[in-house]
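Letters A, B, C and D mark the chains in the order given here, with residues in each chain numbered from 1 onward.
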Amino acid sequence: MGFRHGTIVRNEGHGTIFYRMEVALPEPVQFVPGQFAMLSGWPGNDPLLPRPFAIYRAASAGGRHSVEFVYKVVGRGTALLSGLHGGDPVSVTLPLGRGFDLSGEGRTWWLVGGGVGFSTVFPAADSLGHRKGGFELFLGGRTRDQLPPKDWTPGGHTAGRLHLCTDDGTAGFHGTVVDAIRERMKGMGVSDLARVTILACGPRPMLKGLAELAAGAGVAMQASLENHMACGFGVCWGCVAAIRDGEATAYRRVCKEGPVFNAMEVVW
Amino acid sequence: MVRDMTPDLSVTLGGGLTIKNPVMTASGTFGYGLEFAPFYDISRLGCLIVKGLSREPVLGNPPQRIFETASGMLNAIGLQNIGVERFVRDVVPRLEDAGATFAANIYGKTPEDYEAVAERVSEVSSLAAIEVNASCPNVKEGGIAFGSSPDGIARLVERVRRKTGKPLWVKLSPNVTDVGSIAKAAEDAGADAVTLINTLIGMAVDHRTRRPVLANVTGGLSGPAIKPVALRMVWDVCRKVKIPVIGIGGIMNAEDALQFLLVGASAVQIGTANFSNPRAAVEVVEGIESFLREEKIASVADYRGTLRLS
Amino acid sequence: MVRDMTPDLSVTLGGGLTIKNPVMTASGTFGYGLEFAPFYDISRLGCLIVKGLSREPVLGNPPQRIFETASGMLNAIGLQNIGVERFVRDVVPRLEDAGATFAANIYGKTPEDYEAVAERVSEVSSLAAIEVNASCPNVKEGGIAFGSSPDGIARLVERVRRKTGKPLWVKLSPNVTDVGSIAKAAEDAGADAVTLINTLIGMAVDHRTRRPVLANVTGGLSGPAIKPVALRMVWDVCRKVKIPVIGIGGIMNAEDALQFLLVGASAVQIGTANFSNPRAAVEVVEGIESFLREEKIASVADYRGTLRLS
Amino acid sequence: MGFRHGTIVRNEGHGTIFYRMEVALPEPVQFVPGQFAMLSGWPGNDPLLPRPFAIYRAASAGGRHSVEFVYKVVGRGTALLSGLHGGDPVSVTLPLGRGFDLSGEGRTWWLVGGGVGFSTVFPAADSLGHRKGGFELFLGGRTRDQLPPKDWTPGGHTAGRLHLCTDDGTAGFHGTVVDAIRERMKGMGVSDLARVTILACGPRPMLKGLAELAAGAGVAMQASLENHMACGFGVCWGCVAAIRDGEATAYRRVCKEGPVFNAMEVVW
């Protein structure tokens, strides 16, 4: 983990709503899929705090190191980021938090990304892609414009393993990813379901719906949560989520004990 | 004349404590200290102050706990902490290993709570000081209730004073009409130093959902937004008490820190700045040193309190 | 259900006053009002409040009087103004010609001064209200001296109340421990409304020259930096008094203004925002109207004070 | 006077320290030399206040209107401005204040710019250049790098009328503009001096030195003052300067009664 001054290599809009930013860093970045960075790139004190973004990709070649982020403009900070140019300076603290646990062997992986949540699960797909069995990918968006650009999609070429879902039916499955997973589960036996692990990132209602579905079906699920963050590395206690701790409820830091939690332990 | 000498950064605080430089990190913004080890050697700090400790572990407030405001942030953590026992058992040995100078910020609902925590941490021989949080705006009982009047603060400080031989700092609230008289009361009751300011009480609401943003409704405002208020209060208090004053509030860099020293603070604390730049505190140490070197000032002590009013 | 109706922006304030919308401009940030005529039709404002008026013209503090801080500014103008006579003689007729609704912010060193100014401006039949500045932090006498305690405010308000039949607003200082009790005292003494907040006391120094930045040493902090503090105080006071509350502090746009209405303010004032965007106040009027329209809320009154706490 | 949203056409560094920014505006700008604008071009509230800059030039052609500013990076606001790109939005309020009084006929005009102060006097030169007699230009900088680029200088081609001065002697006259004016006055008769009007903008010590020199020599002088400003159009009373008012001293607004004052009335 470190705090680094980087320089923007590229920062471009893609499709209608997603931006992708590559940042050159002085040192190589190693990360576990699901880990994130705190990023800021504005002068002055307003905005004051850096913003959390999943690490989308990290590369090192010829002594040059860089890291990529994918983001959606939703407010002030992301609007400012989208206005930055190649050469502009940014600061990043990374890698942060606990990523996905991809250790199980012989498991069936269902990766679920709602909205810009795909930025958190694609790195997991990159990891799992090398394994036997691979993964299935469920991507949800309100409309087709809100799905990630095709050429970003890992294993997007492997038909059948990619489930696109849109709320308005303008592409793929007409419905939410929760509906799509429900469909997918149909006809699967208990033992098959027991081999499935869902890795999910997206809006909280989606995660909650998925967690309930998974709980009912005996499917394991890891959910990447979001919360407002000040520090991102566990010192402000600002980002907690209610997590079951035996009988009791504890407030665990999304930035430190998370962002990936066992969905069965989250108090939704 | 001083030429290219290394300036003396050490500062003397109350109760016979001397620290290597005037830069501390503020309670609640520095975890238990060890979290910053990846960013720099925490033994370089004058002192680090750990998250407010209570007798028993505290669950804290439900989320949402923080919110960004213009050049500031609101927090309503509700003093979530691991409790004094775990601190002494698990954290202290590691802080000692790291060579850190550290102080305990303590908090209770009743004076008895404060006494108990003070007694327990006083057993830690490596502990540099105790900072009594008499100013947390985010808990219903204790905290700010004691810190809002001279009488309240006097009663609390007298009791804690009897329980500890450690240097005793009292952290004051800015949400008062006359912080000077409260600081004076703390001094008279036996405090070795006063720390100010804690956060200003603030609030944020969402005009669409029509709800408060923070689960706790109100929160504490910190960050550069409050620096002018903090600086004024520190200046005020420096002229009202003889004990050292530890200045805090919106310090982002060495220039800000120097301004607090200039109006009379003996040391400063870095709070919210740790979030946007995890290296902020050590950069302040370096910045103060290079400023003194450039300006050929031999020591922090020579600079402190030299504001010229005419 | 309201569909595409023009929302009713009018609000009723104390003393039988109804204004066309809840958007006012804050004393000291709007000159004498006419300066804004090049930017928009000032009759579109709910009310404009002119620069604090005193019995005699006031020279004000020497420069430097202002300083920018993080998301805020310090000012120590020292109430430079043309005096009540010139206001009544030269300014009032032009405000009347412009069709503006306007109130006079008044200030004095002694209660007698306040009485005299109140009496004089009360003769102006077109004057909508008198706002008593009991909270200016930038003058040695008067102002904040009255506004720092319930007793002080009560005595001042009672005296001014006897001298005027105009709606009487009392502008409160945030530099106090318990603004609620001071607001209550103003209400009990006969105020028709309370305005809050005035500026927070702040300070800035130059660490190189070792001098205060402002000639007055301290100044008043305004702007978005203080919004969370203002919002909390307005919310507090709204639950403590029955008279209307006029909310102010760091309002930059319609969203901010709506937040003050949401916590219970009957109207808002735009201050520092007028400097960075001379059209800020009229944009707030437009923004509130379109918000109500979009959300299909029939009137400001229907929105006001509807914060949901659970 | 108006508050306008503009778009940057060009924003470039020139020489070592000066930037020049052209802003496209929806309406034409008419201004008196010495008048200024309040300019801001940053998102968020920090910096909060716009910054005052002399109007350097205004142009209208083919239905397109623009205004130019010349600035030096001295702090946060100007640093931010220097990072803006063509196409970026800025806000301006203009024209503001009272400019130079160029009404006297048959006068000898000495225009004096110290540092970036030339940005305030060049527009006056543009005006006066058309008149018989024209003007003489005194430009001061610490070093030659701190003088305005040659091709910006009005009448720069007319040798003898341009007096470059550098503190370190790296170009032109070795000394301050005050020294240069003192030299220039040498040998001039009382009646010649009485026909001179100095128009000056620059650091306060320079203006003060000039004013004392002018007062002693019976030369008229108009000085453009600077001060911290919040509003720029006379409503905050933040920018006052001490100005003689008969026997008394009054605080006059630099943004409204100034920025150009009769130097003999300024309490230096």
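The working rule: a contact is a pair of C-beta atoms (placed from the backbone, for glycine too) under 8 Å apart; a residue touches a chain by one contact, two chains touch by 3 or more.
Treat the numbers as computed from the prediction; the structure is a model and nothing was measured.
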Two candidates, C-D and B-D; the one with more touching C-beta pairs is C-D
Roughly how far is chain A from chain D, going centre to centre by Cα mean, in whole Å? 54
On a C-alpha centroid basis, what's the spacing between chain C and chain D, in Å? 36
Averaged over CA atoms, how far is the centre of chain A from the centre of chain C? Could you give it in whole Å? 47
Which chain C residues touch at least two other chains? 70-72, 223-225
Chain A residues counted as touching two or more neighbouring chains: 44-47
Specify the contact topology among the chains shown, as one of line, ring, star, complete or other. complete
Under the stated contact criterion, what part of chain C meets chain B in this complex? 69-72, 74, 148-149, 175-177, 200-205, 207-212, 217-219, 221, 223-229, 231-232, 235, 250, 255, 258-259, 262-263, 291, 295, 306-309
Quick one: which bits of chain B touch chain D in the complex? Just the residue numbers, please. 70-71, 224
Complex interface listing, chain D residues touching chain B: 44-46
Can you tell me which positions in chain A touch chain D when the two form their complex? 42-47, 76, 79-80, 83, 85
Under the stated contact criterion, what part of chain D meets chain C in this complex? 1-3, 40, 44-50, 91, 93, 227-242, 250-251
